[in-house]
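Heads up: the structure comes next, in structure tokens.
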């Protein structure tokens, strides 16, 4: 198996300057670590807890910025799509289209994303069993796109709480596609602050390490220079000044894990 | 409070003949019971467990049939919408637009549904706490539409299982909108049969009665002349030959519940 | 089926005076309602959230008081047992021995309780599926005691939260023993206040009504003249001044439910 | 932090020969690995799913065998206690008394175990939040025994299923006692085979590795020469021929984890 990669960036794209600055910082971190980083940011927060929350800068403004990020940093870029109609346009610029967890069973969206020919990262719904991702992945591959990642981001556990069932990683891996562990959304507390979601940033290092030691292709972690003032997902994003050390830590465990796949019994 | 109404019909619209036949049967049942029935059917199963499952007859074929159902039976009609784009067209014919549970936080869809001016029935996501529906309802009412129903249809409980937390009914009722209890999807076993969902039809009478005795405005129950051969949700639909007796039973409990709201303490 | 009975009383026995006073009040309520009431109280809170909480007056002091309650009020009495050793002694005085939920799989305790020949009320563990109660009940009946009740009191749902799965009532009823719905512990929030459990008394009327409308033999509700100053389970006990009206409400639904068992399908 | 230790042995003590044979095998594995192993076995399965299942050889027969195991192998021994009365006697022979998960809130049992002066391993109840273990641990330490381990063994997640919330490890670690991860009971499927529990042995290597990479003092794993013919917990025990390689794997991750505690943020 290949060395661990990272999907990282601020939850929401805030401006051209912010995007370029964070992408450059991540590019340099990736170079120092010798690890691939895919730059992630969202142009639209389409399913905010409440209508009063910021939505994002929108597709039209975001695509040229993503293009500039790619050109200037060389990083591949990832963003999430919310409707089938967006896919073709997004696919002209974006390297990896991401299917949000709530939308992971919307057939038209999956097919349209697959048909761009770009890689697709599908988040497992909070309401889905890991074995049910087989049907989700099949919707994409049967649409002619084998380049699909399956992403664990926590499963509903009572109210306003998610839990990371680490068995989901080997179960989804058996489907045959690269596995992504989303360490920052796994500690989200959906709706946990009334009008917005809470989060438990402090457990990201633990959960990410657990996933990496089992063996995953990629870790997804949102990071921001100043999470407490970010427009969304602040409570679970990693402050950027900690990001490199956290990735370095995970790469140590990854090296060990990739050298030793978990034991299987006859 | 007003007498209990029903939202009922086959999960998927199968053909003009099937729709008219089931709608006429329901109209007669409603007349015999003296109860309002809203005819429900879906033109598209947009989030089937697997891609191989039937999708439905589509919007263009379905809308004229819904119109004919309204004209010939006098029943109001309900169908679910999956994209913001569909809402205006659907709203020209359909009395109640329904937001599917997976999509209950998609702001654009909610706003577009609200802007039709039609009534909107929002299903609570399987991943949502009942108090979080306040934000969902607000997305609709702030878009100018006060005519919104909140629908309980079960919450994720481990894998491939839902549970009906009856506390959700009074909690959502406090938001201030009519409450619908979806008795047939509450017994769904999502993904529980591998490539499709299972269901526990045998518990519909129990859960519906529990909800009605607490006090709800409407019960949602899918019904079909031959559920075991229906294109979707067969395991949880009510065979139509039992439907009238089941509604009659619920109306008895409704009469008692409406006369006696549950006690509150100082 | 027979008319609904109640198991009621203060969570913990506080003193002879308190027990006699509450038992007399309940006896009079039962007479006015024409309903059987079993007087419940605990002599030991053996599994308090924290060691600093009060334990109770103890077996030796409690048994004569229970005996006096029986003699003076004519009410049958129920208390919970925590060890196999206690059962024989408790069984000389107490009409119904109760197995606490955490202990519902402790074989020796179940067998010792069964061997007293008294009725046994077993609470379903918060960690148990309703169908697993078949094995629990069998431990009692195979020990020679057919007089067993199965009691639903909520199942773990995330952290510090229980949910009442109303399907448990028909599932456990199929085992063949009378079903008790514990309405006050079902709204407990275990450990939810740090050093002690919280509770949501406000939902007791809703959940009790839901259970009764499905059809149960007994409702268990703890009640206290002054719950907010009770030594345990205050947040979920019913203030005694509301108790009679609450029971009267439930009896209305019970009459309807007993006349109409929930529909079954072929 | 110190190097990872193991708690290991067959779920149930079957005979003197079986105990000595498995203990010798484990002693040799421990020597080859340079790791401490505590020999675990149960003299009584006091809470079997059903009464028809084997109970075990009993306390009187088991204690001399445990003593012989200690003398002949030099391994410390661990067994579980089910009543307060057993503790003093068990404490004369056994190095570590274990409190079963269902009993983790039974105050008298905890106090009696603490008062033996032996180390106590408390399993977190399947119904308990990790932060609630603070109260459980305090019951032991306030009884004068600081030598307490807190053990994670899965939390209820729907019916017949447990999930390992890896956040429990740092949360319980903050209480201030050594943390044990029970890798074989965490994959138990309680009651999952009708009259007995199922298990998912295949995920033990994954979950154990995840826990060790976060950092734990001990891993608990039941192991048996022939699990499929063991009297209890066969589906989740590790075949003994795999045990050494599995421990060696975990020790690699432990070395890395102990050198690098998970990052904390300001």
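Lettered A, B, C and D in written order, each chain numbered from 1.
Note that in this section a residue touches a chain if its C-beta (ideal position, glycine included) is under 8 Å from a C-beta of that chain, and two chains touch if they have at least 3 such contacts.
Quantities reported herein were computed from a predicted structural model and do not represent experimental measurements.
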Neighbouring chains common to subunit B and subunit C, by label: A, D
Most remote chain w.r.t. Subunit C, using mean C-alpha positions, is A
Same or different: at the subunit A/subunit D interface, is the fraction of residue numbers used by both copies above or below half? same
Where subunit B and subunit D are represented by their mean Cα positions, the distance between them in whole Å: 48
Rounded to a whole Å, what is the gap between the Cα centroids of subunit A and subunit D? 36
Between subunit C and subunit D, centroid-to-centroid distance (C-alpha), Å: 33
For subunit D, what residues touch not just one other chain but two or more? 157, 159
Subunit A residues touching subunit D in their complex are 157, 163-167, 169-170, 187, 200-203, 205-207, 209-214, 238-239, 242, 245-246, 249, 252-253, 256-257, 260, 262-265
In the complex, subunit A touches subunit B at residues 46-51, 55, 82-85, 102-103, 105-108, 111, 125-132, 135, 138-139, 142-143, 155-156, 159-160, 190-191, 195
Contacts from subunit C onto subunit A in the complex sit at residues 157-159, 161
